[in-house]
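Two complexes, one shared chain (chain A), two partners (chain B, chain C).
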Partner chain A sequence: MKQLVAITINTFKETIRDRVLAVIVVFALLMIAGGLWLGSISLGEQGRMIKDFGLVAVTGFGLIVAVFVAANLVHKEVEKRTVYVLFSKPVSRAAFITGKFIGLCGTMAVVLAGMGLFLFALVWIVAGQASGMVLLAVLMIYVQLLAVVAVTIFFSTMGSAILAAVLGICVFVAGQLSHNVLALTRLGKNPITEALSWVVYVIIPNLSAVDVKAGAVGEQTLAWGQIGLWVAYLLAYIVVALALATVIFRRKEF
Partner chain B sequence: MLRRVVAVVAVVVCAAGVVAYQATRPARAPATPRVFVPSPRFFLDFSPSFRTSIADAYYLNMVQYYGEHARGDGRFDSLPQMVDLVTRLSPHFARANIFGAFALIDAGRPDLSARVLRRAFSENPGDYRYPSYLGFFAYRYGKGKTKDVVAAHWYQKAASIPGSPSYLTRLAAVLMGKGGETQKAILMWGQVYSAGDKYARQKAVVGLERILPKEKQARMKAVAPLYGTMPKADFEALIAELFQGYGQ
Partner chain C sequence: MITVVGLHKLVAVGLRRRRVEILKGVDLRVDRNDVFGLLGPNGAGKTTTVKVALGLMRPSSGSVELGVDGLSQVGYMPENPYFYDYLSGREFLGFCARLFGFEAAARHDRVEQLLRDVGLAEAAGTHLRKYSKGMLQRIGIAQALVNDPELVLLDEPMTGLDPVGRVEVKRIIERLHERGKTVMFNSHILSDVHELCSRIAIMRTGRVVWQGTVHEALAEAATLEEFFMQVVTS
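For the complex of A and B:
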């Protein structure tokens, strides 16, 4: 447990100090504020435009941070050979992977909270009323991105950092199209393609089951039961992805 | 020294080239930049989580397109597809629905405008604006003898939605009377009378005076259906006003 906490704190400190992260966050805040300009040409729909485009910016920049930082987490340790020092001590591979993940979760929480609160304040100033749905939407984006982080860490234990980052982005995109994969299982009568599509459907994280962004702009009423179930599903998915990452990482000799 | 000057000149020339290239682009922009508008199905299938953001982007595009062509050539060839895309991706986007409907009228497509409003009303049954605009469009752009009655039906629907303004019932009653649906008009004026303030009551009496027969027996027969559809005290007050000059 002590080792896990130490790795978590160390990962958090290491990632939060990264200057690239600060640049990305500043750029994200500028993009969110850019919604003000879009709002000004929207015939009185400033609030909606800022919410909608702001949440897209939070998702996009959150994804960049999640994927590129997660892809480098394990690789950096191997390249710098600090992993040898680490594993010469009584540190399990599971604690290493889990600590790295939780540390990055902390960094992601800080980054997304910063962007979310900025967007929340902007919407409050422009629309004249606070929108709790914006914060809820950012929270859901955070949970989505944690699943992407877990998958990217899993890929990073198998291949290079760049490959892991690319695959992480692919999984995010595929996760948005989950229902289409399900539709494929119903196309045609070939049992092999049907079974294959079903396997792909189960493997890819379902990131589009709940659309909180649409709820934030008043397009959809949210079913809390569905949201709870979806969050539980994503957390379970994260556990499985990290477990598989640990299994693969255990096979590596250091 | 010379090397440095050459380097600075080279950089300045390059910077000037960059600015010049960009500065000459607007003149080369196509006159009608939005030839292709994707189908709503495409976005619903391939980006369900971002459908409202895409709708917003196309809404801004639609407003710009409308403005450009309203000031320019007056042609709105891509507008129906744009309105359809935005309102299907974001069916609760009230401003897009209403702006789209009015823009389609300018594009000479009141049929599509009515379709957009009907769809918006089915998606937002609690918003009285859609049926009231449908009533307005039916009255303004409808054809044939029944257009008043069709408009009145929409106004009646709008008036039945909680929170709708009281003038809608009056509009519906006037149009019912105009369209020859005297019985329905009488009932609606009765509603206006019992639900309204002093001004609305005066309007209701004037409206009824216009459509009721002058002969006492026929007038009594015409207002008889009001009994039971409105509170007794209101009914008696209305009858007293309608039969003021008739004696016992």
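For the complex of A and C:
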């Protein structure tokens, strides 16, 4: 447990002190502020436009941070041979993988909280709406990205950092679409395509189930009970992805 | 203390995964409180033997006994150590102490003591990316000693050090010996080996081809360097 805490703290320091992260966050805030311009050219829909555009920016930049940082977390330790120092001490591979994940979760929380609060303040100042839904939507984006982080760490234990990052992005995109693809193939009544899309649906995390952006901008009423169950599903998915990553990482030699 | 018996290691290399045997039956014995020098030309298998001993690699066959109660009693410094750029020397040693479960007060005391021991107290707050090679070598030794280990394994501890740094590292090894610790190190600097070691082993192409005391080696040649050349070229 103490090893897990040590690795978590170290990973948090590693990722939060990364200068590239600061640059990405600055760009993200500029992009969110860009929603002001879009709001100014949309008659009567200023608040909605700022929220809509801002949440897309939070998702996009959050995804960049999640995927590229997660893909390098394990890889960098192996490449730079800091694993020699770690694993010559009583540190288990499970504590290493889990600590890396939790540490990045901490950094992601700081990054998304910063972007979310900035967006919240912008909507409040410009449109006069103290929209708690914006913050809830950012929280749900955070949950989605945690699943992407876990999957990317899993991929990074098997291949290169670039491959892991690409696959992480693919999982995010597929996770947004898998539910709709399954529904569409069911309409087609072809058992093979339906079986295939079911397999994809089971393997890829259903991220769209916790996407509440439409609810945040007032286009949809949200069923919170169901969303809670999907959050539990994603948390279970994260545990499985990290367990598989640990199994693969245990087999590695340095 | 360390007993290595019939250690073999096969690795797959290249696209065709050709199997190459890099350890071909290593037998080695290091006694408690020895300062032991593991010598050999590049590619002889010294680092691989140490990695297998630490569990960083798995043996294909054979066995390694460290003679201590798990890795909590072992300290290791890899060759050309690279550490976390974004941490200061003090933070890095604190991180290593955390890995051994040190509580805050004990961790603080231990880290400050080690920083003084390796002569890095003044650079303790500087990020490791600004450290010179010699400073990294010293912080590497400090992290290997953070848990006050019974067994210390150092891979090329003198590399990159200036004469002052080398003397300091030699003093550290001597102090460890005086305190009853067992030290095994790889080195190409035979004068340091002569000065520090009680026993040595010489490896060549994945095998230990000679092991014994430094006195025994010097009985067969005028210098350790000459003896080493005799063994590796015979």
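As a convention for this text, the second predicted complex is superposed on the first by the 236 of 254 C-alpha atoms of A that agree within 3 Å, B and C clash if a C-alpha of one lies under 4 Å from a C-alpha of the other, contacts with A are read in each partner's own complex, and residues count from 1 in each chain.
Definition applied: a residue touches a chain if its C-beta (ideal position, glycine included) is under 8 Å from a C-beta of that chain, and two chains touch if they have at least 3 such contacts.
None of the values given here were measured: they were computed from a predicted structure.
For A:Ser92, is the partner it touches chain B (first), chain C (second), both, or none of the two (neither)?
After superposing on A, A:Ser92 lies clear of both chain B and chain C.
Regarding the shared-chain residue A:Lys213, is it in contact with chain B (first), chain C (second), both, or neither?
first
With both complexes superposed on chain A, which partner does A:Ser42 reach: first (chain B), second (chain C), both or neither?
After superposing on A, A:Ser42 lies in contact with chain B but is clear of chain C.
Looking at the overlay, does A:Asn180 come into contact with chain B only (first), chain C only (second), both, or neither?
first
Give me the intersection of chain A's contacts with chain B and its contacts with chain C, in residue numbers.
On chain A, the chain B and chain C contacts do not overlap at all.
Over in the complex, which chain C residues touch chain A? Could you list them?
Against chain A, the touching part of chain C is residues 51, 54-58, 70-72, 74, 76, 78, 81-84, 86-87, 91, 95-96, 98-101, 143, 147, 153.
How about chain A: which of its residues touch chain C in the complex?
Touch residues, chain A against chain C: 2-3, 5-7, 9-10, 13-14, 17-18, 80-91, 253-254.
Tell me, which parts of chain A touch chain B in their complex?
38, 41-45, 48-49, 52-53, 55-56, 176-177, 179-180, 207-208, 211, 213-214, 217-220
Contact residues on chain B for chain A in the complex?
45-53, 56, 59-60, 63-64, 90-93, 95, 99
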